[in-house]
Amino acid sequence: MTTEIRLSGSGGQGLLFIGRILAEAAGVFEGKNAVQSTSYGGQVRGGSSRSDVLISPAEEEIDFPEVMDADLLLAMNQEAADEYGGKVKQSGVVILDTTFVKQPPKTRGRIIAYPFTLKTKERLGSALPTNVVVLAVISQIGALVGKEALVRAIKKRSPKGKDEINLQALNLGFELVKTGVLQRDGDDERELH
Amino acid sequence: MTTEIRLSGSGGQGLLFIGRILAEAAGVFEGKNAVQSTSYGGQVRGGSSRSDVLISPAEEEIDFPEVMDADLLLAMNQEAADEYGGKVKQSGVVILDTTFVKQPPKTRGRIIAYPFTLKTKERLGSALPTNVVVLAVISQIGALVGKEALVRAIKKRSPKGKDEINLQALNLGFELVKTGVLQRDGDDERELH
Amino acid sequence: MSREGLLLQGNEAVSEGAIAAGVRFFAGYPITPATEISEVMARRMPELGGTFLQMEDEIASISAVLGASCGGVKAMTASSGPGLALKAEGIGYAVCAEIPCLIVNVQRTGPGVGSVTPSQQDVMQAKWGPNSDNMIISLSPASIKECFWLAIRGVNLSEKYRVPVILLSDSFLGHMSEKIDLPSPEEIETMDRPRPTVAPEKYKAYDADINGVPPLANFGEGYAVRLVGNMHNKAGDYSRNPRDFDFLINRLHNKILTNLADICAYEEVEIDGADLVIVAYGIVSRAAKAAIRLAKNQGMRVGLFRPIVLWPFPTERLAEIGKKVGGILVAEMNMGQVIREVERTTRGEVPVAGLNRIDGLLINPLDILAKLKEMG
Amino acid sequence: MSREGLLLQGNEAVSEGAIAAGVRFFAGYPITPATEISEVMARRMPELGGTFLQMEDEIASISAVLGASCGGVKAMTASSGPGLALKAEGIGYAVCAEIPCLIVNVQRTGPGVGSVTPSQQDVMQAKWGPNSDNMIISLSPASIKECFWLAIRGVNLSEKYRVPVILLSDSFLGHMSEKIDLPSPEEIETMDRPRPTVAPEKYKAYDADINGVPPLANFGEGYAVRLVGNMHNKAGDYSRNPRDFDFLINRLHNKILTNLADICAYEEVEIDGADLVIVAYGIVSRAAKAAIRLAKNQGMRVGLFRPIVLWPFPTERLAEIGKKVGGILVAEMNMGQVIREVERTTRGEVPVAGLNRIDGLLINPLDILAKLKEMG
Amino acid sequence: MTEISIQRKWCKSCGICVEFCPKKVFTVGELNEPIISTPDACTGCRLCELRCPEFAVIITEVEERSHE
Amino acid sequence: MTEISIQRKWCKSCGICVEFCPKKVFTVGELNEPIISTPDACTGCRLCELRCPEFAVIITEVEERSHE
Amino acid sequence: MAKIIPQATILEKYFVTSTLPTQWCPGCGAGGIGHAVLQAIERMQLDPKKVVLVSGIGCNGHFTRHLRLDDLHVLHGRAPAVATGLKMARPDLEIIVIQGDGDAASIGGNHLIHAARRNIGITTIVSNNYIYGRTGGQYSPTTPKKSISTSSPFGLEDPPFELCNLMVGAGATFVARGTSYHIIQLIDLVERAIKHPGFAFLEVIAPCPTSYGRKNPETGITGPQMLQWQKENSVSIKKAAHMSEESLRGKIVTGILLDRIEPEYSAAYAKVRQRAQKGGLA
Amino acid sequence: MAKIIPQATILEKYFVTSTLPTQWCPGCGAGGIGHAVLQAIERMQLDPKKVVLVSGIGCNGHFTRHLRLDDLHVLHGRAPAVATGLKMARPDLEIIVIQGDGDAASIGGNHLIHAARRNIGITTIVSNNYIYGRTGGQYSPTTPKKSISTSSPFGLEDPPFELCNLMVGAGATFVARGTSYHIIQLIDLVERAIKHPGFAFLEVIAPCPTSYGRKNPETGITGPQMLQWQKENSVSIKKAAHMSEESLRGKIVTGILLDRIEPEYSAAYAKVRQRAQKGGLA
C-alpha cells in the first residue's frame, strides 16, 4: 500500500523542503520507496505551492507519482484547503494551519486544525521553521517515518546554520502530537460547510 | 512532342544565358511551352555546367523538366561530350565545339563539329559571345525558334552594352548555318570510337 | 505588372507572387539556393516603397519579419534548411503569438550544412522543427506558375488564419525557368488579417471561440495590442491556468483543422481506374507525370495524387484513394518522409512503397517506371 | 560516488548519470525547467577537473560541446524546447560530422515560449528539428533511476555510433525526487568512440563501409582529422559527387538501422493476454501502470508497451503487438505525436486511440482508465 | 499639502519608500510594511512614488486649507 | 641564385606575381598566364611565393655556381 | 528639474491595474525602469497610440504586461531584431525596447550590436541587474568577476562586458547609463534616449535582491541596501571626467556617455527607395 | 625581418597537394591568409599535432581543406564558440580560427564578442573582403556604405562595423589589422596573435575581385588592382598616431592596435577547479 501525502500552501512556506525530507527519510534512511513531486510553475516568487510525497514498502514500486486520493493532506492556506480538501480518502486526515485557514474545507477526511505558524513563532521565536514542525506532526499522525530518519534527513538537507533550529522545530512537532494539543474535528460537521 | 535540348560545357561559357534566351524566345515570344533548368552546384567558379531546355507546342505541357534523351546536345568541352553523348536520341544531333572537344563522343546522334570559339574570336574579335553563335546554330538546326524571337530575347536579357555584340554573334550563327560551313560527320564513324 | 508572358525562375516567381499578394517587407540572410529571392527583393521592395532588410542572421530575419507584420505590413523571409532550423524557434513563436508571415524554404541536401543540390528533405522539419505541437500550413509548388500562385496563396492563408505559412520550394525549382503569364492585379485575390470589430478599449488580441481566428489590430492604431509567445489568456497576458493552455493550444489547432476544406489542396491525375497511384509533390510530381505517360504507353494504368498543401496533410482524400487502388508509390527526394503520412493514413489497406533519392539529382521518370513495374 | 541510496531529482540524476558515463564537459544556457542540470554541472564539473561553461546562448552551447567532443572529452548540454529548436542546426551538423554528444531536453509546454509546465511535446522535434533527414537516437526515461541509467546509455550510444543522442526528460520528471542506489563505478559500463586502427597518415575521419561507424581520432593526436558538416567523401573533403552523397546519407542511417537490436529498448507489462495495450513513455507510463492496476481490479486485461528508446521507434515489436491485441491506447502529453508512429506501424490492424493532454498537468490514471473503458 | 496612499494589495513591503523618503515620512510596520507615520512632513517630492517598484504609492496634492 | 617554378595546374593567372615582383621577373602570356621572363633578376625575396593565392609559385635557392 | 507626473495620472492613463500586483520580488529594480519610461513618455506628450513597447524575456520584460500600450513580448534576446523590422516597416512608431542584461547581452548580443551598427531609430533600455533573474540567478555576461550565482557556486572567473563600451565599439550613436537609485536622472536619460534620432542605448543598473543580492552581499542584500550601494558608488560622467582611472575603478559612471548624430537607418533607407524608384541602379 | 620559409617546405609539410587547385577565383584573398598562417606556424616551430584549425563557412574557410592538420569545418558563424569549447576541454591545443567577415561579424557576431569578452586563448583571423563571397556577393556587416552588391543594387545605406573597434568594445586583449598586400607584416601579426596568451583578433583586409571588386571598381577590380589599392591606402599604426582624423578617413590602419595581458580564460577557469576541489564554495 502506498501512502499518499499532499503538502499544499503558498510559495515560501517550505513545503518542497519538507517534502524532500520526508521522502529522503522514508526512502533513503528507512529503505522504503519514496517519490516526491512538485506542481511546477513559472513564477519566480509567491503563488501557490504543492508538494506530493508517496511512500510505499520496499517491495512495492510507486507508479503514478502524484497524489490521487490523499491519505494525508496538509493545507497551509485557504486556497489549498479549498482546492484539495475534496481529494482526500475517507480514511484520510486533513491537517490545517489555522493561522491561515479560517474556513475548514469540504472533505471526507478527518480534520486536525491547529495554528502551527502562530505557535511556532511563539515557541521558537520565528515562524520560519513551521514547515518542520508540521513535518513532525504529519510523520507521526501518518506513522510515516521514525524520528531518527527525520533527524538524519534534516541534518543532511538543512542549509548551513539552520539545522539546529530545524531540529528544535522537529521536537516541537513531536511534542505537539504527544501532548495531544492538536484539536480534532469530526468529519460529519465538516460535511455541512 | 517535346524537343529536348541539352547545353553542356564549362562554367563561364554562358550556357545558362543562352538556355534562358532560348526558353524565353520559344516560350514568351513564340507562345510555346518552354522550361529551362540547370544542374546546380556549390562551386563559386569553374567546374562543369549544364543547361537543359525543353520546348513543346502551346497545347502540350512539359512535365519532367530535365532532358531524358536529347534531341539536341551541345557539348562545349570534352567531359560534357563524353558524359552526355550517350544520352542522345537516334534522331538527335550533337553539336561539338572542336576548340575544346578533340575526341568525338560515343553517340547515336548525328554529329556537327565546328571550332565555334576559335571562329568567333576570329570573326568578332572576342570569344565571349560564342554562346550566342551556338545558340543561333542550334535554333536553326533544331528548327526551335525564329530569329525574331531570338532577337527580342537577346535584347531583353543582354547586360547593358552587350546587346550589340550578341546580335552580331547571332547573325554569325545564322550565317554559319546558311553557308553550310558546319562540317558534318556521319553517325557510323563515331560509333567506332 | 504586365500581362505579357515572362520567363521566370522559381525563386523569382515566388518573389513576384509574394509581391502580388501584398508583401512589402522582406528580411533575410543569404543562403544558397535561396539567395535569388533576397536579390529580387533587394530590388523590388524599394522600388515598390517597401523594405528589404538583410539581417545579421536567419533568427534576426524571422524576428524582423514578425516585427514588421505586427506593424500591419505583409512580410516574408526566405532561406534553406539550415536557416529554417535557425528560424524554428521564431516560427513556433509566430504560431503561438499568431502573427502572419510567409517563410520560403528552398530545400537543399542535408543533413548538416549538406550541399546546395535539390532535395525534399525538409518536409518534416517544416512541421516539426519548432518545439512543441505546431499547427502550421505548408505548401509545395511544382512549377513556376505554382511558385507564383502559391506564394500568393501562402500570404493569404497566413493572413486569414494568423498562422505562419511555409512554402517548400527546392534548389531545382528555384533555379528552373518557365514561362508564366502574370495576371493583372484585379485577377488576384488578396486577403488581409481579420480586423477588430470592437472598440479599441475592448480589444483583446486573442479573443476568439475555440475554433476561431482572433481579429488582429495592427500596432499604432490605438488598440493596445499585446502579442506574446508565452501561454496566455485572451488578453495576451501570461497565464498559468491549465484551462487557458488547453483552450489556446486546441484553438491553434482547431482554427486550421476546422477549415481543411478551405485550406487543403491537391491535384489528382487519372486516379479513377488506376491500378497504382503515385504520391508525389513538388518537382518530383513532374517526373511522376512523365512516368504515367510512359506507363500508359506500356498499357499500365497509373494515377497521381499530388498534395499541394503538404501540411495539414490531406489524409482524408488519401485514405479514400488507398481503399480504391492496388498500390501506392511514394516518390520523394528524401529518405522517406511523406511516406510516413501515407502509411499512417492508408492504414494498411493498400501496399505502400517508397522511391527515394538523396544524392542531389532529380528522381527520374524511368526510376519511377521501373519501381511501378516492380510493384506489378 | 557512494553506494548509499540517495534522493535525487530527475535533473540531478541525469547529471550524475552523465558524469558516471564519463562526461567531463558541460556547456549550456539556462532555461527552466532544465536549469538544475546546469547548476549541478557548475558544481560537479570543476570538482571532477572537468569544465562547466555557460555560453552566450543555446547555439553556442551545442557548438562548444561539439568542439570539446572533438578534443576527446565526453560532452553534453541541456535545455528545453525553445533551446532545442536553437540547437537543431548544430545537432544536424553533429549527425553529418558524426561527433558524439549528449543533449538533454527537459520538455515544457508550447508552442512558442510556452510555459515551464511539463509536456511531451518535443518528441517529433527531437527527430525532425534539424534540416534534412537525420538519424539520431532519442531516449525517454520514466523514473529517477532511469534518468541516471539512460544518461549513461545515451553517452555510450553516442560514442559507440558517433551520433548525437537526445535524452527527452520533462519538467515533471526533472523536478521529481526519488530514491536511487548509485552503482559503484565498476558496475557501470562506459563506451568510447571507436579508435583508429590505421597509421595517422592513412587515417580518414569518415572511412567506413556502408553500414559502418568510422573510427574517430581526437584532435591533438596527430591524425590530421578533418571533421565537416558538408556533404563529404571519406577523407572529410567536400564532395559534389552524387555517389558520395548517397553513400554518406545512407551510411548515416544504416549505422543505426543495422544495429536496432543493440540500440532499441522498451518495457512491456502484461502484454500477453491483454485485450488492450497502452502505449506510453516517460512520465506518462507511470500513470499507465497505475491505470493497469486499477483496470485489473475491475477485471480488465490491459498491458503496457513503453518505448524507452523513442527514436529509432520500435516499429517491429509494436507491429507484432498490434496483431495480437484488441486495441491500442496511446497516452501522451501532447496533441498526438507518437500515436502517428503507432498508427503507421500497426497498419490498421488494430484500433488505435489517443489520449492527449497539453494543459501542463499530468495525464492521470483515471483519465486513462476512463478511456480504456470507452474503448471497450 | 499632500495626501499619501499606499495600495496595500500591490505593496510588497520592500522598504524602499521607507528608506529613501527625504523627510522620513514612513516607518516600518510589524510585517515590514510601510507605515505612513508623519504625513505632514511630506514635501510632495514624489520620490517615493517614483521609486516604489510596485507602483503602489500615490501622492495627491490637496489644496492647502486656509487657517480656519 | 634561384629557380622559379609555377605549378601550372594550380595557377589561375591572376597576375599577382606579375604585378608585385619587385624585379619584374614575370610577364603576362597570351592567356594571362605568368611567364617567367627574367629569372636571373630574381633576388629570392619570395614575395611572389607568399602572395600567390594558389600556392603555385615555388622558388628554390640553388647554389651559386663559381665562375667556371 | 523637469516636472514629475503624479503617479495617479500615470496609473490611470497607462496601467491596466487589474494585472497588478506584479510578479516581481520585493525591491526588484524592474519597476523603477517602468516609472522612468512612463514619466518620459508622458512628459514628452507622446501619442500613446504610436508608442510600441518591445519587451524581452526575463523579469524586466514583464513590465509591459501591466500597460495599456501596444506591446510585443518577444522571444528571448530577439527584441532589437524585432524592433528593427517594425521600425523599418513603420517609421512613424516610437519603439522602446525593454531588455534584461541576459536578454540583451547574452543570447541577444548579436541583435544588439547590429541594431547599434545600423543606427536604427529605436530606444533600447537594458536593465542590468548582473544576473539572470527569471531563471533563478545564473551569472550573466555582465556579472562581475568573483560573483557567486547558481551557476558560479565557486565564484565567477568570466570577465564581464562593459555594455556601454560594447555599444560604442559597435557604432552606437547614443549611449547612456543610469541607476535605479537616480530615478530623476533616469527619467531625463530615457527622454534624451527617446529623442535621439538614431539608435539609443540606455543601461540601467538595477537591483535584483533575490538572485544577486542574497549571494553577493557586498553590493547590498535587500532592495534598499542595493539602492544605497548605487547611491554611494555612482559618479556622474561630468565628475568622472576629472577623476583618475584608479579612483573610477568599481564606480558606476552615469549620464550620457556618447551622443552624436548619424543618419537614422529607416530614414537612410528611404534614400534607397528613392534611388530605386528613379529607376537606375545606383 | 624574420626568415621566410620556402614554399616548397610549406607545401611538403602542410599541404595535401592532391586537393589543389583550390576552388577560389583568380586573385582571391583567401590564399594569402593561408600563407601567413602557415609561415607563422612553421616559423614558431609549433608542433603540428597540436595545432587545430577551426574554419568557418565561406570562401575563406575553404583554406583548411587543403592541409594536413586537425581541422574542424563548422557551421556558419559558430567557429569561436566551437573553439571556446575545444580550448576549455583541451588547453594544450593551439587553436586558430579562420573566418570571413560575414561568418564572424554577421551570423557569428555574438560568438565573436563573447570569445573576446572571455579572453579565451584562441587566435581568430577574420578575412574581411567586405562581402559574402561564397553566396555570390551580398553585402556584409563590413561592406562600406554606398557599395553595390547583389543585395544592395541601389547602393548600400547600412553603416559598417569597424571590426577592430567592436573587438575593443567587447573587451578583447589583442586586436590587430593587416592586409593581403602587406604579407610580411601579416606573418608577423599572425605570429604575435598566436603568441598572445588570451583571445587574439586579427582582421585581414583581403580582396574578393569576383563579388566585390567587379561591382565596386573604386577599390580595384582585379586581384592585383585590389592589392594595389591596399598598398596605397594603408597606414601603419605608428604613422597613424601622427595623423589627423581627417587624413585617416578611408585609410586602413595596420598593425597591432591593442595588446594587453589579462588572465586567459581556460587558465582562469583552472582556479575554479582548484576552489571546487578544495571543497568549499567560494
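The chains carry the letters A, B, C, D, E, F, G and H, assigned in the order they are written, with residues numbered from 1 in each.
Convention: a residue touches a chain if its C-beta (ideal position, glycine included) is under 8 Å from a C-beta of that chain, and two chains touch if they have at least 3 such contacts.
Note that the structure is a prediction, hence the values are computed from the model and not measured.
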Common touching chains of chain H and chain E | G
If you tally the C-beta contacts, which comes out ahead, B-C or C-H?
-> B-C
Chain A-chain D separation of Cα centroids, rounded to whole Å | 36
Between chain A and chain B, what is the gap in Å from one C-alpha centre to the other?
-> 86
Distance between the centres, which are taken as Cα means, of chain G and chain A, whole angstrom | 44
Measure off the straight-line distance from the CA centroid of chain D to the CA centroid of chain E, and report it in whole Å.
-> 56
Can you list the chain C residues in contact with two or more other chains?
-> 32, 43, 46, 56-57, 59, 82, 89, 93, 112-113, 115, 117, 228-230, 238, 240
Per-residue overlap in chain F, given as positions that touch at least 2 other chains = none
Of all residues in chain G, which are in touch with two or more distinct other chains?
-> 24-25, 75, 106-107, 109-110, 114, 136, 141, 152-154, 158, 269, 272, 275-276
In their shared complex, chain C is touched by residues of chain G numbered 19, 48-50, 52, 54, 64-65, 67-75, 78, 81-90, 92-93, 110-111, 114, 269, 272-273, 275-277
Where on chain G does chain D make contact in their complex?
-> 57, 75-77, 106-107, 109, 132, 135-136, 138-139, 141, 150-154, 158
In their shared complex, at which residues does chain H touch chain G?
-> 106-107, 109-110, 113-114, 117-119, 141, 146, 148, 152-155, 157-162, 165-171, 262-263, 265, 268-269, 271-272, 275-276, 281-282
Contact set on chain C toward chain B in their complex | 4-7, 32-33, 115-118, 171-172, 175-179, 283, 286-287, 289-290, 293, 362, 364-366
For the chain A and chain D complex, residues of the former touching the latter | 19-20, 23-24, 27-28, 31, 33-38, 40-42, 62-66, 68
